Structure formats: structure tokens, C-alpha cells
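Shared between the two complexes below is subunit A, which pairs with subunit B and subunit C, respectively.
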Partner chain A sequence: MEFVNNAVSGLLLGGLYAVAALGLSLVFGTMKLVNLAHGQLLILGAYLTAMLIGLFGGGDPLLVGVAAAVLLAVVVYPLQRYIITPVMAQGEEPPMTVTFGISVVITTLLIIVFTSSPLPTWAVEYATTQWDLFGIRIRLIYLIATVIALVFILALMWLLKRTAFGRQVRAASIDAEAAGLVGIDVKKTYARVMSMSAFVAAIAGVLIALSFSVAPTTGTGWLLRAFTVVVIGGLGSLPGTLFGGFIVGLVEAAGAAWVGPQYRDVIVFGVLVVILLVRPNGLFTKVAKA
Partner chain B sequence: MTKGRLMTTSTAPILVAEAVTRTFGGVTAVNKVDLVVNEGELVGIMGPNGAGKSTFFSLVAGARKPSSGKLYVCGKDFSKISLGDAARYGVGLAHQIPKPFRKLTVRQNVDIASYVLPRKRRKAAVDYALDISGLTDRQDKMAGDLGLLELKRLEIARVLALEPKLVLLDEVAAGLNEADLDELVALVRKVHATGKTVILVEHVQEVIHKLAERVVVLEWGSKLTEGTPAEVSKDPRVVEIYLGSPQNEDALKRQPTKAGETRLKVDGLSAGYGPVKVLNDVTFDVAQGEILTVLGANGAGKTTLAKALEGMVKTRSGSVVFKGEVVTDMPTFARQRSGLALVPEGRRLFGDLTVRENLRLGLKSERGFKASHKDQSPLDTVYELFPKLTELNDRQAGQLSGGEQQMVAVGRALAGEPDVIIFDELSLGLAPIVVDRLLEAVVKIANSGISVVLIEQNIHKAIAVADKILVLKRGEVVFSGKPKDFSEEELQRAYLGAE
Partner chain C sequence: MSTRLKSLLSYGIPVVIAVVLYVTAQSVDRAMANDFTGLFLLMTLAMAWNLVGGFGGQFSLGHSIFVGVGSYATAVILTTLGWPLIPTVLAAAVMSALIGLLLAYPLLRLRGPYLAVGSLGMAVASYGWMINWNFTKASQAYAIPVSGQISLQETYQYATILLLIAVVSIVALVRSPLGLRLVALRDNEAGAASIGVKRVRTLLPVWALSGLLTGAMGAVYALQSGSLTVDATFNIQFSLDAAIVCVIGGLGTLSGPVIGSIIIYYLRKYAADFANYALLIEAVVLVIVVRFFPSGLVGLATKGYRSITSRRTDASKK
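Up next, the complex of A and B:
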């Protein structure tokens, strides 16, 4: 029974990991950009939500989180359009360096405004609720995260496959120059994709803050975890991201149960290294465009 | 200056190729080529795109191995050597695009090349290489600060520092202007005069004419003929592969249109890449429903012209006026949206997307703009022009044949309801029957009132459909006028460099 318990909680934790990694996967899959600020975007989403709750004098974190996500999407748009995209023509490293710079700026701003101590936890019931289903313990917040991950992945896949905007994104990711030839404003398209990524990241940030302790500097750890998920899931594949999340969640749960919780990170990143050695393109190799 | 003034007493062969063949998968790039080059010769290799020149060169340079046949270079069996060993056996290759270490000086760059030699010989070899290539006084300059001609000199100096017996020059004249070209020709002569055997692959036919004692012509991977430059340029088969045969173009004759308003006006356009100036002071205009055919040999700047018109290459000077509006600084997507479309060389379809998706991407309605008021949607026009595409709608564009892909590319441009379409190398790599279909479509497009800029290799067919002709030669306009004023001699001069 303990085994099933660990497996289920690992799987659902994986859902949270998937939603945390989704924005990173989207940006990499469509723009071939490794966004090193992704972890900070997650955390910033949580802080913006906290700020808005303070401003509104209350409110449910997940609902206010939607407003924070819109806000973050708006803030990120010009960053991509006027700072990251202009250096993308110079190769892969310059834009990556710029995103690293952005991550440092976000962390510093958060420390200045909110101090470096952790964000006070939100007292909402579903954050701590634990259901007992035939002896299997289920943390409700993980279940919510998994459902949200599924919804986001399906919505993004639909958007990329079925809409004009999705066609434009896919065309730009295949051949940006030829995309210009069919009238696609590639720079605007990239900025929109980054905004979408930031929107998802902000919601993920709220889910993270509801499940774990969050401080201005926790972003980097989440970037690494998200990166692991994306690599395992197959770089840039959206459904792969969900599987990647599940696998990382399961490996963590198994490692914590059999070896000890303090070795979690060692085990997860050890698995990452092994996978990179054996299957450098990820477990779900086909680099899907959707 | 007479060619072949250096009569070497030794006539030992430095290169012997017997039935040399190289395949890539199912494609035979070089097919049973026989060639003997004696020490001290200066041989030119020419042929149209895809003739196998580069592949053959890479075999001689030891960068690839032949799939079958015998290849001896400098006395070594090149079907057995380790890749990269050719330099030690006396083969030096000068690349088309010089890529020196930009942060090192000229001398340091040449010095690095000399490391294949024993330590004692290096300094002398570097001094000699710099001297011959005329760089001695510039040896402390940073390679990154060099102009194009100096870069070409450096590339040759790097080859000379290997103390090669055989010097291979791959398109060394590419991108040079007239004056620089003369200097480069003089330099190659000088290198040859020091006793080196030289083989050059060249698109700029003038260079071959000025330099080579003997010319080998390749076509479809096989040797078509060889002889002196004069013999070869008179050979009707050579004329045909470069210019096509002047028959059976009646099907493409079109009614002379009454020129409407001017749609596209290009004035003094210059453009290029880095230090290379590819287009120089190009001027022309195209009116409503007109077909302007742009001709010119490889490297004449045709594709650069197409890209500059569509905003994919920055314009250095001059202007592009489209429907009365200056678009010189407009980005590509905005030009497409305002009605200036390009069907690019190589088609550039989105291979993972279906045919329908590719076509729809060009539509104005895809961006939330209203399609202009017409009886039928632009896609109906496309399907009418190419009925075959209706069956292919759900296939991935990347899986179609070349001809089908080209139809999609044309359709994609038409979907944007353009006023001007530029076709860059529409028929490249396609079977003659497919080419006829496509050119018929181009005529229909022009008859519907769309202006056409047609960049073509299929010269006679492209002339047959033209209202106006523009001929480029190394980036400059050498002819601009009506087809009736355009003579065969004019054509040969532009393509074959015959004076």
C-alpha cells in the first residue's frame, strides 16, 4: 500500500512539475530559445498574485492568479519584442545570456521589494486538504495542478494545431525567413508566444506557492527541475512535457521512499544525466511541433 | 598575354582520375569522370549548378572519398587516404568564402597553415607565401580588417604556405568587382608561374577564359567535353546547357500587353553581404500585368536582387518604390502584406505543415484582416490554376515532389492577393514538362493583371514569355529592354563571357 501511495503522490507531484515546465517547453519548441528566466517568471507570478491579493484586500489565490498571469504576460511582451528577439539573429547564446540577465534582475527586484524571506503562505483550505481514497492519500493541490497541466497542454495543442495563430507560430519555428514571405510578423509572433509562456508560468507559480515555500531565490531550483522535465519529455514536445513531469515526480517519490528524502535532487538530476547520456534528445524523441 | 607560356618540361601527371564516381544515397553526383592533369597545367572546371563540380573538387581535395573508380593525386591513392591528409601530400584548397581567424594577423593566419611543414621550413614558406600573394606589407594587419580582395589574397597565401604541388581554387572570383577581378587573375597567373599546377572551379566564366589552358565541362556529374576555352565556348552542347535550346517556345507566347500603371520601380539599387557587394546600381521598372525576365549567369546577383526587393537583404543605396510608396526599409512581412510577393529559390515551404496550411498562411484573412472583396476567395484561384493541389491538400508539403512543391509555393504567394510576384529560379531542378506547366501558370498570372519579375535559368523559355528583359552581369545591368532588341550574341556575352 505504501508503494501505491508513493506512486500516486509522485505522479500528481509530476503534474505540478509539468505545469511548471510547460512555458519553458513552449518557448523552446517554437523559438529554439532556452529561457533561463523561466524559474524567476514562476516565482514572480506567485509574488504578483500576493501583491494583488494585498491590493484587493483578499481573494482566492488561483483566481487572483489569473489576473497576475495577465499582468505578467503584458510585462513580458516588450521584454521579448525589444530585448530578446533583437539578439536572436546573432545565434543561440546571446538570447540565452539575455534571459539569464533578466532572471538576475527579477530576483534582485523581488529581494528589494519583498525582502529575501519566504512569501507568507496563503491560508486556503485546498492547499492543505488531503483526501483518503481507499487508503491512498491524495493531496488536493497536486490533483488541481495535474488537472490544470492537462487543460493547459490540450489548450496549447489546440491553439498550435487548429488556429491561424498556431499555424503562424509553427511556420515561424520551421523557417522564420520564409514566414516573413507569407506576411507573418515573426517578431510579434515570438513576443506573443513568450507572453503565453509567462501566463502559464504565473499560474504555475501560484500552484507552486500553494504547495511549497517560495522565496525570491527559489526560482533557479525550479528552472532546473523544469529543465529536467523538458529534457526527459523530449525538447519542445507539449505532451512529452506531461510525461516528463510524471517521470520526474515518480523518480523523486521513489528516491525519497527508498533512499531518503534528502537525496531527492541528487536522484532527479542523476536521472537527467543518465538520460542525456543514453537518449540525448529525450525519451520521447520525436521533436513534435505541437 | 598568351596562355600557357610556362611550358614545363616535366609532363608527369599530378592527377589521374579513372571512372571516378561519387554517390550520395541514390544520387550520383559524380559519374565515371576520367581526367588527367599534368604537372604545371592550369585547368578550369565549369558546368551549371548541380553538375558535380563541387563534389568532384572535394574528392580531389581529399575531403571526401570516391564511391568507385581510381583517383591518384600527387602519386597517392585518394580512395584510401585518411580525410584531412591531402594537405600533407601537396594539395592545397582555397575556399570560395575565406574564413580566416579574424582576430589574428595576416601573418599569424598564414603561419598556422605552414604547420604541416617541418619546423625549419616554416618561416621561409610563410615569407614566400606572403610575398607571392602581395601581402608582405599588410602582414601585421588583423585578418578581420581586410577587404574582400585582400581576404582572397590571404586565402591563397594560406594555401601557398602548405607548399602544395597542386593548388585548387574554388570560386575564388566570387563577389569581386571588375578591377579586383583583374588583380586576382594576375595573382593566379603568378601562382601558376611559380610552377604550381592549378585547377579552378569558376562560375565567373571570364576568369576561366582569361586563365585556363584547358577547360573541362561537367553536366549531370559526367564529363561533357574538354578543350581550350575557345573550343569549349563554341561547342553547341555547352551553349545549350548554359542557355537552353531555342525551340518550341511557341506555347508560351503571350499577347503583348498594353502597359498599365507602373507597379514596381527600382532605382540605383545596391546590396550585398558583409564586405561583398553583389548588386550595383540596378535600375528598372515593371508595370501592371507585365513580365520582366531577369537573366544572368550564376553569381550575377539575381537571387540577391530578389531578396533585396522583398527586404530579406539590406539595401545599401538606391530605392524600391512599390505602388508609389517607398518600401526600401520595410520588413519582409509588411511587403508581402502590401502586395509584393516572392516565390523564393528552393521554395522554402513549411515541410511539416500540410499543403492547405501552407496555402492558408498567405491569406490576408489569417491575420484578422478582411479579404478584399472579390467573387472568389484567393484559394479558389490557386486551385483553379493548379487543380492537382485540391487532391494534395492534406499531405505534408515536405513529402511532395519538387514540381508539386513549386505549385504550393506559387499558390502560397497568390493567396496573399499580390500585385507583384517575384519568381526566383522557378524551374530550378524540375523536369522540362513541369517547367512548361509552371511557366504557363506564370503567363496566366500576368494575364490576370499581376506584374511578374521572373528570374530564370531556362533562358529561352523565359525570354519567350517576357515583355521586358533585364540582364545582370556581376551585379550590374548589362542589358535592359524589349526581347526583340535582345540578340543571341548579347546572351552569350552575358553568360559565357565571350568577348
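Up next, the complex of A and C:
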């Protein structure tokens, strides 16, 4: 029974990991950019929400989170448009260095404004509710995260496949130059994609803060988790993200049960390193990189 | 200037400076000795990182592992085996070099951002391992037995020797055929491969040297701090520091890490009460440098110098 329990909670935790990784996957899939600031965007989303709740004098974290997500999307747009996109022409390393710099900026800003102690938890009922289903314990917040992951993945896929904006994004990702020639503003498209990524990341950050302790420096761990999910699920594949999330959740639950919960990080990042070494381009990518 | 004179100068000047610093070290007061030790350690770290991250084009975020291995090897050898200091530091450096080979061999399959994230994963995983391992006394402090007997001036002398070794070995490596192959691989991998440059065979010794120097830096760092914690040594901040220093100074240049270290070290020293603001400024400067001056401050200076000299020659033609 304990085994089933661990498996189910691992799977649902995976749903949370999937939302956390979705923005990273989206940005990588469309602009081949590994956003090293993604973990910090997640955390920043949680902090912005906390700030807005303080400002409004209350409110449901998930609802206020939507406002925070919009705010974060607005903030990130010029960053991508005027700082990241211009250096993308210089090759692979400079945009990575810039996003790395941005991640340090976000972390230190959060420490300066909120100190380095963890964010106080929000006293909402659904963060702590646990259902008992025929002896299987289910944490409601994980279930909510999994549902939100599914909704976001479906919405993003619809957006990319069925709308004019999605066609522009796909065109820009296949061949940015050709897309430019037929009148697509690639730079604006990239910035919009980054805004979407930040929006999803902020919501994910609220879900993370509802389930775990969050501090300014926890972003790096979440970046690595999200990256593990994306690598397992296939780089840039949106449905793969959900799958990758489930696998990481299961691995972590299994590792915590067999080796010890304090080794969670070692196990998950160990798996990431091993996968990168065995399949440097991800588990399910068919195209070999030259 | 003839090439021979130039190469004589590039080894001679550091040797002369190091000898002068070494000899005068005992007359320097404790605070200044400690200050210079810190600066030289940062320089060594940045130069060792620059070998891999700048000349090799491999943005490693795993160098904190070398600092950790070097410092803990020193602590463990001194405590359990009781070796004299110099062999201990050498053994710690060699151990770190071996770890460098061990990490690099698999990491070399990765390129660009994947290498960055892969090495970051290794760094965070080893931190998670060490903080739970009794061998390193887990989250407790590990005291360095001899630290009471070594004065700050002596530590400063060790740091000076270490920096000299780092400068000389890095200049030698960069000037060697291996160094040329390294830069060729970074600039055009397919082109380098087509003229017979082997990726792994070129990069492994470079990672080993980088690991060796960073490990030795960790050993001297251990002497300076007196006691170690996993939090202080396996901290990814070391990798971040090295990367920030090199990018701001100039990636893949010999003087970049030196200039970058001086700027960052003194920025931090004078903003010690506002450590987070210093880090914030560093990160903002990092972004600005990459966005507007991709070749760092050294690149900017070279460009400025060239534009002045070329204008002069233009004028003389008229």
C-alpha cells in the first residue's frame, strides 16, 4: 500500500513539475534558448503574488497569482525584446550568459527586498488538504497543479497550432530569417513567447509556493528540476513536458522512499546528469544534432 | 618587439612581481595580507575557469566541486594522515585534477547551454551529497589542524606562489599547440575536426589543469579560512564568481580575469556592508557587458587603443 501511495503522490508531484517546466520548454522549443533564469522567474512569480496579496490586503493566492503573472509577463517582454534577442545573433553562449546574469539579478533583488528567509506560507485550505481515497493519500494542491498543467498544455498547443499567432511562432522557430522575409516580426514574436513563458512560470511559482517552502535562492534547484523534466520529456515538446514531469515525480518519490528524503536533490540531478550523458539531446529526440 | 623578447617578458614579468611580493610578504600587515590572499585566490579561480570557460568555450557551472574537493582533501589529509603542508596541498590539487578528468569525460559530450546545465546539476548534486555525508562531517564545520600555526602572511605567500604557477602554466598552455587546438575547437568545431583536432583529447588535459589549479586554490582557501563547511566550499557561488569575473574582464583573454578580479574584489570589499547590492551591480554589469561589449573590458580597451592608433596612421597618410 505504501508503494501505491508513494507512486500516486510522485505522479501528482510530477504534475506540479510539469507546470514548472512548461515555460522553459516553450521558450526552448520556439527560440532554441535555454533560459537559465527560468527558476528565478518561478520564484519571482510567487513573491510578486505575495506582494500583491499584501497590497490588496488579502485574496486567494491562485487568483492574485493571475494578476502577478500578467505583471511578470509585462516585465519580461522588454527584457527579451531589447536584451536577450539582440545577443541571440552572437551565438549560443551570450544569450545563456545574459539569462544567467538576469537570474542573479532576480535572486539578489529578492534578497534585498524580502531578505533571504523563506516566504511565509499562505494559509489557504487547499494547500494543506489531503484526501484519503481507499487508503491512498492525495494532496489536493498536487491534483490542482496537475489539472492546471493539463489545461496550460492544451491551451498552448491550441494557441500554437490553431491561431495566426501560433503560425507566426512556428514559422519563426523553423526559420527565423524566412519568417522575417514574409513579414513576421520575429523579434516581437520572441518577446511575446517569453511573456507567455513568464505568465505560465508565475502561476507555476504560486503552485510551488503553495506546496513547498520558497526562498530567493531556491530558484536554481527549480531550474534544474524543470530542465530535467524538459530533457526527459523531449526538448521543446509540450505534451512531453507532462510525461517528463510524471517521470521526475516518480523517480523522486522512489528515491525519497528507498534512499532517504534528504537525498532527493542528489537523485533527481543525478538522473539529469546521467540522461544528459547517455542521450545528450534528450531522451525522445529523434533528430541527431550535427 | 621580437617574439622571443615578448615571451620572455610574459613569463619574466609575473616571476619578478611574484618574487617581490613573496619577499616583502612578511613585512605586510595582517589585514593587507589577508586581503591580497583573497584577491589572488579569486584571480587563480577566475584564470583556471577562463581556461575552460573562455579559451575552451565551455561555460562550466561546476567549478565549485573543485574548490570543495581541494579544500576538503586538505582538511582530511592534514587531520587523518598528518602530512606536511606542501605535499598535502599538492595531493589535494592532484585529487581535484582527477575529479576534473572524471567530470569532464562525460561532460564533453555536451555543448553550449547543456554543458552549463549539466555541470550545474553535478555541482548541486555533489553539494547535496556532501552536506549529508559523515565523511565531510556533513553540515558541521571541519577544522584545519595546522591553521593556528600558519600566519596570514604565510598564507599570502602560498597564494602568491599559487597565482604565479597559475599564470605561468596558463600562458604556457595557451601559447602551446594544445592551446591553439583548444581555441580552434571553440571557434569552429567542424573546421578544427576536419584538420584532425580531436575534441576529447584536446579538452581533457585542459579540464585537468583547470581542476588542478582550482583544487590548489581550494586548498589555500582552506588554510585561509581555518575551518570548512560544505556550505562555504561546495557553494555554486564560486562558479558564478569565476564566470562573472571572466565575462566582465574579457572571456578567453589572459588579462581579462586579472582585471575582472581586481574590479570585482574591490567592489565587494568596499561594499561589504551592502554585499547584496554589490552582487546586484555585478550581475547588472554582466548583462550590460554581454549585451553591449561582448569582448569584455579588455576587448573594449583593445578596441579603443586600436581606434586611436589607426586614426593616427590615417592622419599620417594624409
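Some points to look at:
As a convention for this text, the second predicted complex is superposed on the first by the 285 of 290 C-alpha atoms of A that agree within 3 Å, B and C clash if a C-alpha of one lies under 4 Å from a C-alpha of the other, contacts with A are read in each partner's own complex, and residues count from 1 in each chain.
We adopt the following convention: a contact is a pair of C-beta atoms (placed from the backbone, for glycine too) under 8 Å apart; a residue touches a chain by one contact, two chains touch by 3 or more.
Note that the structure is a prediction, hence the values are computed from the model and not measured.
Subunit A is touched at more residues by one of its partners, and among subunit B and subunit C that partner is C. By the touch criterion stated above, A:P118 is placed in contact with neither subunit B nor subunit C.
In the overlay built on the shared chain, the residue A:G59 is in contact with neither subunit B nor subunit C. Of the two partner chains placed by the overlay, only subunit C lies in contact with A:G221; subunit B stays clear of it. By the touch criterion defined above, A:V266 reaches subunit C but does not reach subunit B. Within the superposed three-chain model, A:Q90 lies in touch with subunit C and out of touch with subunit B [touch as defined at top].
Of the two partner chains placed around the shared chain by superposition, neither subunit B nor subunit C is touched by A:P239. Look at A:V105: by the touch rule set out above, it reaches subunit C but stays clear of subunit B. For the contact definition in use here, the subunit B contact set and the subunit C contact set of subunit A share no residue.
Listed in rising order, the residues of subunit B touching subunit A in the complex are 310-312, 331-334, 336-337, 341-342, 344, 348-353, 357, 360-362, 364, 366-368, 412-413, 415-416. Those residues of subunit A that touch subunit C in the complex are listed here as 34, 36, 83, 86-87, 90, 92-94, 96-98, 100-102, 104-105, 108-109, 111-112, 220-221, 223-224, 227-228, 260, 262-266, 269-270, 272-273, 276-277, 280, 290. Subunit A meets subunit B in the complex at residues 164, 167-168, 170-171, 174-175, 177-186, 289.
On subunit C, the positions that touch subunit A within their shared complex are 57, 59, 106-107, 109-114, 116-118, 120-122, 124-125, 128-129, 132, 190, 236, 240, 243-244, 247, 276-277, 279-280, 282-284, 286-287, 290-291, 294.
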